[in-house]
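Please go over the structures that come below.
Both complexes below contain chain A, partnered by chain B and then by chain C.
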Partner chain A sequence: MRNNKLKTAAAIFLLGLLAVPLYFTSTFVLHMFTLVFFYIALTAAWNIPAFGGKFSLGHAAFFGLGGYTAAILYVKLGISPFIGVVAGTFVAMLGGVILSFPLVRLKGPFFTLASIAFAEVLRMVAVDWRSLTNGSVGINIPFKPSWLNLTFTSGAPFYYMALGLALLVIGLAWWIRSSSLGYHLRAAAADEDAARALGINTAKAHFMGLMWSSGLTGMIAVFYVFYNYVLEPGTAFSMDLFSLQPAMNGIIGGMGTVWGPVIGAIIMTPLGEFLRFYLGTIQQGLNFVVYGLMLIAVVNFVPGGIVSLIEPWFKKKKSGDSSAADN
Partner chain B sequence: MELIVQVCVSGLLLGGIYALISIGLNLIFGVVRIINFAHGEMVMVAMYLTFWLNYFFGMDPYVSTLIVLPVMFLFGVIIQRIIVQPIQNSSANMKIFATVALSLILQNVALIVCKGNFRTVQVSYGMGTMEWGGIFISIPRLVAFFAALLSISLLYYFLKNTYTGKALRAIVEDHTIARLMGVKVQKLYLLAFGIGCAFSALGGVLLMPFSSVYPTVGIPFTLIAFIVVVLGGLGSMGGTFLAGLFIGVVEAVGGTYVSPALKEAIYFGIFIIAILIRPQGIFGKGKGSEEVGLK
Partner chain C sequence: MDDLLVVKDLTKNFGGLAAVSEVSFEVRRGEILGLIGPNGAGKTTLFNLISGLLASDRGSIKLEGEDLTKKPPYKRSAMGVGRTFQVVRPFDMTVLENVMVPTFAHYKTSKEAKEKAFEILKMVRMDKLADKMPANLTLAQRKRIEVARALATKPKLLLLDEVLAGLNPTEVAENLPLIRQVRDSGVTILFIEHLMDAMMAISERVLVMDQGVLIACGTPDEVTSDRCVITAYLGEEAPGC
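Let's look at the complex of A and B:
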């Protein structure tokens, strides 16, 4: 009974989201929604290794690899971004393979550190390798509207693509978490040694988690780059935008859960834009100070993220329902 | 031939400062068991303090150590008390978030207060060099190297020969047993964080005569200090010192012979290779390394 209600509510909600571009013609509203969906997807992808307790601050590496691959293929060779998406996903996964060496061998903070170093190295290479990447000038995507070029005159197609990406990644994250891979990762997060003693190949689980995460991040990056028309090393491999931001969304929402990243991105993206518009114009940098203070507050008072605040209430309701049904 | 010696010498001298900053990190790391991602920002804050003292009072950078070091010691103590102590028993990830947040705050406060410009201190000896056997040595770098050597030796003496120093080393060895033996662990955490910050602050002051300061100047120092600590081994002062010099030389040689833009990429490369081959560091590891995730 309750399940049906939930399904109906979800379906209505989804239909509502599908109708947003029809009712809101304001580019700002549409842009905001699109951005939120992108960040939901990015955060949910970032969160997959976090099922296993691995905390990356270098996902900008995969973002940059994916974005650059598609942009270079399109601008230099005229290859459609739809092939670029496949190539970008693949190259980002290759990056994941490289990062998996430290991932498997290093615990907690040292993996985080290696991931930062990895993204930084790639950023420097992108600045230095001018013949391929145009250096710090960056690559501009020419404005040639066509489905094949992934370039449009209105914001609506990207709205739907971003929504689709968000749903896809949430779905995949949910599926991974409840598959055997998810159980292996969660066992490794709880106690790596005990998990191994029980015969779980934790190294393989971490590796698979990172493969999903890096590939998805690369894929999202391709759409994001074509949405923005421009790509340069400082943004593509940006620590703030694509390493720290997904991590922050994840922490504030609830790291290692399926809905944490969604809640985190929904709250943090508009808030970030708001802070950037209102505080950032008053005083450059003020928005990041507020971010930092929020993060410290979350670490101190709600270490499990917002999900941990909602979950008990949700569970209580659920058990209350079932006991009512028993009676 | 002359060029390579020249390059190595200048890298070695810079490496002294890296060693200084890294030893501060190693102490915090070993004693408090926290990965301080805001370590480079301590260097940045100290550099700005030096700059402002010079700007307003015309104080010589070397004289300003008398003010900057105590201030930064206190700053470290406050950070430990307010930010780190409440989450002392949380997971390693939570501690990372807290220090990452701290570095974000410090960087942007610096941006708000000091704006994004590059600031330098003009001193008469800033560009001064001396020639020795056909090799030119920058005087502020030479001063920095010997100041680093001296302060590292002092810290070494303090850790080996005083009661407090021995207690600190006991904590590095084993927290629980140190506590059981009556060591006042919480107080020593404050001390270790303070000393660690003062060391990186000294690095910042010594850098000021020959480099400039801007809000994000600290980021590479955080990464360098981690690389040095990982290479040198947790809890190993000698190892950290040698690894600091090594990274200084690698940076100088790479910057000259490969590409200045890629010099950082080179030591990150070395870092990744090193943790893969010998995650416990070249000079062994401390007892607590397992606990903080370094196996």
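Let's look at the complex of A and C:
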């Protein structure tokens, strides 16, 4: 019964979201919503390796690989971004294959450090490989409005695409978490050796998790880049925007859960924008100070993230229904 | 008789310490084989070698004639080696989910895995606690999760590491028949136990280890009257042991 009520509420909420572009013509509001959706998708993708306890601070690598692939194909060769999405996803996954070497060999902070280095190296390559990337000048997506070019005169199409991406990645994350891969990753996160003794190829599970995560991040990046018209190494491979931000969203919302990234992205995206624009002008890096303080607060007082505060209430609503295994 | 597991000259050193040294024995299909020895004798290390969590320095391990020595733990599990941990290591998820984790090796959908895991929980009489978190359970109950999880891998050989240790007499009396029940369902059992009475009650043969060396092997009666075994337990020196 209550489950049905919950479903109805979700359906109404979703319909409300679909109607937003019809009622809010302010580009600022639409932009903020779109950005939140992009970050929900990016955070949910970042979060998949975190099911297995792997904490990446290098997802900007996959973002940059995906974004650059599609942009280069489009601007240099005139290939439609819809093919670019496939290529970008694939190239980002190749990046995932490379990062999987430290992923399965290094534990805890050592993997995290390797992931940072990986993204930084790629950023430097993007700066130096001028013939391909235009170096630090970056690539501009020419304004030729058309569906095929993924370029539009209004913000609405991207609003809907970003919403679609967010729903898609949440759905996939939920599906992965409740499938064997999700169970294997969670077991590996809790106790790698016990998991191995129980027949789980934990290296393979971590690898598969990173494949999903890197591919999805690359795919999201293609849409994001066409939404922004421009990409250069400093933003496409930005530690701040695409490595730290998803990780922050994940921790604040609740790392390794399905809904944590959603909550985290909803709270942190507007806040992050605000901090970057207002504090960033006062003193460069001041936004990181605020992030640091928030991080300390969450890790100390709600280690499970905000989702752990909401979850008990949610579970009570669902009780009577014996689906203990899917959350 | 038909040997399920054959261990030959198995050796593991930790620095200068010979934790397991030249150990050879076989486990017969369908038996309950006990493994006893004082603390630090190398029993858990032997289990780590057989399950593959530790690599051996020398020697071989064969299951049904197939060499396991170089195989990673997950492959050994797939071939039929299951184990529990002396210090229980439940995953941070519900009891049912804990048992579902290994169940996926045999059932692909989470619905099937859930059903199968629930069946196993029934068998170890933990079904009523399926939705609980292991952290909120007693040690005896958490030891049952260990057993249930290992059973979910469908082992041919089950290595039980002190599943009765730390339990009160009532709990021991409850958990003991479980071991026999598991064997009767077709699983061969090698189990480490400190409680002599319990050990003697259910094992058909007993191995005795001391300081990394296998010092005796026989029926419970033979072993308990063995001079070297008595010496190992009493800590006295006896010539010829």
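Keep this in mind: the second predicted complex is superposed on the first by the 305 of 327 C-alpha atoms of A that agree within 3 Å, B and C clash if a C-alpha of one lies under 4 Å from a C-alpha of the other, contacts with A are read in each partner's own complex, and residues count from 1 in each chain.
The definition used in the following text is that a contact is a pair of C-beta atoms (placed from the backbone, for glycine too) under 8 Å apart; a residue touches a chain by one contact, two chains touch by 3 or more.
Owing to the predicted nature of the structure, the values given are computational and were not obtained by experimental measurement.
In the superposition on chain A, A:Val299 contacts chain B only, with no contact to chain C. When both complexes are overlaid on chain A, the residue A:Gln283 reaches chain B alone and has no touch with chain C. With both structures placed on the common chain, the touch criterion links A:Val230 to neither chain B nor chain C.
When the two complexes are overlaid on their common chain A, residue A:Arg186 makes contact with chain C while staying clear of chain B. Between chain B and chain C, the partner in contact with more residues of chain A is B. Contacts of A:Asp128 after superposition on the shared chain: chain B is touched, whereas chain C is not.
In the superposition on chain A, A:Pro102 makes contact with chain B only, while chain C stays out of contact range.
Residue contacts after overlaying the shared chain place A:Gly199 against chain C, while chain B stays out of touching range. Contacts of A:Phe110 after superposition on the shared chain: chain B is touched, whereas chain C is not. The intersection of chain A residues touching chain B with those touching chain C, taken from the two complexes, is empty. Interface residues of chain A facing chain B in the complex, by the touch rule stated above, are 53, 55, 57, 101-102, 105-114, 116-118, 120-121, 124-125, 127-128, 244, 251, 255, 283-286, 288-289, 291-293, 295-296, 298-300, 303. Residues of chain C that touch chain A in their complex: 51-53, 72-74, 77-78, 82-83, 85, 89-94, 96-97, 100-102, 104-105, 108, 110, 113-114, 130-131, 149-150, 152-153. Every residue of chain A that touches chain C in the complex is listed here, in rising order: 178-180, 183-184, 186-187, 189-191, 193-202, 322, 324-326. On chain B, the positions that touch chain A within their shared complex are 35, 83, 86-87, 90-98, 100-102, 104-105, 107-109, 111-112, 116, 215, 223, 226-227, 230, 259, 261-262, 264-265, 268-269, 271-272, 275-276, 279, 292-295.
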